[in-house]
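In the two complexes that follow, chain A is the common piece, with chain B as its partner first and chain C second.
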Partner chain A sequence: MSVPKSASIVIIGGGVSGCAIAWNLANRGIKDIVLLEKDTLANGSTGRCGAGIRMQWAAEKNCRLAQYSVNFFENGNEILGYERDIEFEQSGYLIVAANEKEAEQFKKNVKLQNSLGIPSVYLTPEEAREIVPLIDTSQFVAATFCQKDGHLNPFHTTDAYAKAAERLGVKIFKHTEVIGIEVKNRRIESVETTRGRIATNIVVNAAGGWSKAIGAMTGVDIPTYVQRHQIMVTEPLEPILNPMVMGFSYNIYIQQVPHGSIIMGRSDNTEPLDFRTTSGWKFVEEMTKTCSKLLPALKTANVLRQWAGHYCMTEDAQPIYGPTPGVEGMYLACGFSGHGFMLAPATAQLVSEMILGEPLTIDVSNLDVGRFERRELVFEHSVV
Partner chain B sequence: MLINTGVPTREQIERRLPSPERRARGPYAMVECFQEIPCNPCSTSCPFDAILPMGDINEIPMIDHDRCTGCGVCASVCPGLAIFIIDESVGDGTASVTIPYEFRPLPEKGETVRAVNREGCVIGDAIVTRVLLSKKTKTPLVTIRVSDGLVHEVRFFNLIDDKAVSDATSLKRKEEPITVDSACASDDDEIILCRCEGITLRTIRDLIREGYTTVDEIKRISRAGMGACQARTCGPLIAAEIARMTGQPISEIQPSAHRAPVKPMPIEFFLGGDSE
Partner chain C sequence: MGDRRITDHPILDFDEGEVIHFTFDGKPMEGREGDTIASALHANGVKVLGYHFKTKRPRGFYCAIGNCSACLMIVNGKSNVRTCTEPLLPGMVVEKQLDRGVPDDV
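Now for the complex of A and B:
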């Protein structure tokens, strides 16, 4: 199966972002869109993520992006006409503050979130225990909770976007790798793949961890890097842990998914900065320690599997959206730093608007790639 | 090799046999279960605690033949039809094999049938001496008498009037390796291919037709392989089905990634000694 000789837009990357952008553009009537994926859909960061969706952020921009995305996911099956289920369960996120300093920040966060219409609340440990009876209240000083946060199935969501895009005429090529990008007079001319060449003037770089390599094919340095992150999952259990429980200084996120398994992950700055997706022993030791402290009852649950994926990181842990200075026609949707899955609907909306020159639904002009050179970084502290 | 052909080696079988003294004393259960899968009805159903309790559901059943009476309860509950009751104690040149038999029609007591070995070849005649219906498990146990030299070979039988079946299985074993077709293909779409998650062959086939042609893609959409066995049982079957339906050689089908821990382990196991 060879690729078409030309395309209006070539999207590189079959993760949730690439598929969502493809659908969004096609849904606006754009024809001849091609999406290229070197492996299978959702095989990179999307399919390896923790599958949490939250609106409780510290930076206003992230709150707005997440809010837009949650509104979309609430009607995702209907909008995308999906016959399976994207499994959006709004069972909430309980975020615990390990110390007074964190609690003070949380008060500010809730105030900001409420001002935007995000229904989060600030709780004492006792109030938090009413929501999560298993939690050890001696381990934190305060918490915030938002019932509208929750879980979403990454495989089904990507599948839903891809299927809807294909019905609108998008051609998706799995197992098709980009091996070169032809640039003439600083303008994209074509994309060379393992299945042939596609003439196009517009490329969307949604290649996640590989976005840097794609950028390099056009002679541009995209300031992203990869870092391994690990997760483990237990056997399916009766419903015992309704919301996602998360702690930033605790360095944990843990959630029982609708199927019954409990998924948990953490960050570790000593993790390798390359494409390794092997699993490590240190992670399991640290993870089980934190988990047993906060939720002691889980000690007897059986661990079924651990796995690893990578975050496509930027210096300020925020995404890069928009055109690439120096290469006309290359749009970036990368550097999601661990929250690309939950932001996909907003990503798709905004990148489509940028390509079509329409006004932006949410102003993300400061999330452009130029901010790193200008040293105008936009930090977000509420991340694991 | 068992993994390629479904037929255990002589060595694997001999390791399961009780001592000659025990074999001469009376009927005993022969557990021909060689792969670690999450399955334990034999051990929980034995009225004499002869099948030892499993610390881990994936363990291969171990049997204490001194306690085993050859009653056949385990043979009737084993979902894999992998347990047989052998009786070599008669001493008249014959011996009997009790076989879990889930086909219809059932033979009648006294009927002569064709004795079939583990590879599916007819190797002699046998007389049906007992047909035991179990209301509880609905798996009948059929006991057949064969010459005692065959008792460790015979594991199935064909009815004589069922000529088509008899002919097909009495063909000489082919020398070439078993093809994917014969290794896995089933006409019954409703069989459960992934037992941990309860995914049928029909679901797998529908997904392959839909364009999911790797084991991992099928896992991600359907959960097949995400359960306690971590695709050790269903993974190769799904790969074989992909190969069969897409016409690719099975060697080119990428298996799903295997991850730690190999067996489910409790969270507290990982805490180690240095936890507070």
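Now for the complex of A and C:
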């Protein structure tokens, strides 16, 4: 099947961001949208992520982006007309503070979150144990909890967006790789793929880990890089851990999925900065140590398997949204640094508004690609 | 017992080990030294080791090398024990597992 000769907008990347952007634009009546994916949908970071959805952030912008997205996911099946279920389970996130300094920051976070209407609460370790009976209260000094946080099925969510987009006329081409982008007079002219050339003036770079390679095709350096992140899974167990448990200085997120398996992940700055998706022993050793410290009962749970995926990182661990200086028609939606899945509805809304020149639902003008050159980085410390 | 055991093998010798007493779902049973829990149960004619937590279909002796999870049972109160590779010890209390189980301290 060859690609159409022309398109109004070409979206590169069949992860949740690309599919959500395609649906959002089509839902506004835009015709002739083409989405290109070099592999299968959700094959990159989306399908390999920890699947957590949370509104408990330290930076107001992230709170707002996440809040917008949670509101969307709560009605996602209906909005997208999905015949299956995106499986949004609002079983909550419990975030533990390992020391007083972190606890002070958490108080500020909750105040900010509450001011925006996010129903998070600040808890003592004893109150936290009422929510997570398995937790060792001697291992942390305070916690925050938000019942409206939870988890969501990445495959179904991407599928829901893709199917809804296709019903609105979006043409999705899987196993179709972008091999070149023609730029004339600093303006996008066409996209060359393994299935033919598409004339277009607008390209959305939602290629995640490959966003840098796509940028390079237009002679622009997109300051993203990939980093491997590993996850491991226990055998399925009876329901014993309801909310996601997370710690920033503990460097852990851990959650029991509906099937019964407990999945957990962490960050490691010594992880390779390339496209490897191999698994390693070091991760299992460190992960099980942290997990057994915080949730001692889990130390006898058997580990079933591991997998790995990539974060598409930026220097300040924040997404890049917006046009590309020097290449008219190239819009960026990349560099999500590990939280692209949970922000997809906001991403879709904002990138669509940027392309159509509409006022932004949430002001993300400081998340432009130019911030790295201007050295106006926007750090968010509440990340694992 | 005995009729399900190989006594005469062209290559391997099977020395009859000491008798080991254990219980299965409350019933007293005998195995032999050198048995795994599942091999002792098999020798006693027990073919159903548990039921799948979701489909409730019976699970039996399958891979016999600790890989497939078909033989997960509760042993001395501990769930998810791979009985096909776990050595049988005197006085073991072995039970069928009907759900996904929980870690020891829960």
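Here, the second predicted complex is superposed on the first by the 384 of 384 C-alpha atoms of A that agree within 3 Å, B and C clash if a C-alpha of one lies under 4 Å from a C-alpha of the other, contacts with A are read in each partner's own complex, and residues count from 1 in each chain.
What we mean here is this: a contact is a pair of C-beta atoms (placed from the backbone, for glycine too) under 8 Å apart; a residue touches a chain by one contact, two chains touch by 3 or more.
This structure is a prediction, so every number in the text was calculated from the model and none was measured.
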item	value
Chain C versus chain B on the shared chain A, clash or fit after superposition	clash
Chain B versus chain C as contact partner of A:Arg374, first or second or both or neither	neither
Contacts of A:Leu134 with chain B and chain C, given as first, second, both or neither	second
Partner chain(s) touched by A:Glu238 [first = chain B, second = chain C, both, neither]	second
Touching partner for A:Asn43 - first (chain B), second (chain C), both, neither	first
Greater residue coverage of chain A in the superposed arrangement, chain B or chain C	B
Partner chain in contact with A:Thr300 - chain B first, chain C second, else both or neither	both
Which of chain B and chain C A:Glu285 touches, first, second, both or neither	first
First, second, both or neither for A:Lys184, with chain B first and chain C second	neither
Chain C-contacting residues of chain A that also contact chain B	235-236, 298-302
Touching residues (chain side chain A, partner chain C) in the complex	134, 235-238, 240, 260, 296-302
Complex contact set, residues of chain B against chain A	214, 216-217, 220-221, 223, 226-228, 230, 257, 259-261, 264-268, 270-272, 275-276
Residues of chain C touching chain A in the complex	53, 69, 78, 80, 99-106
Chain A to chain B touching residues, read off their complex	40-43, 47, 84, 155-156, 159, 234-236, 259, 279, 284-285, 287-289, 291-293, 298-307
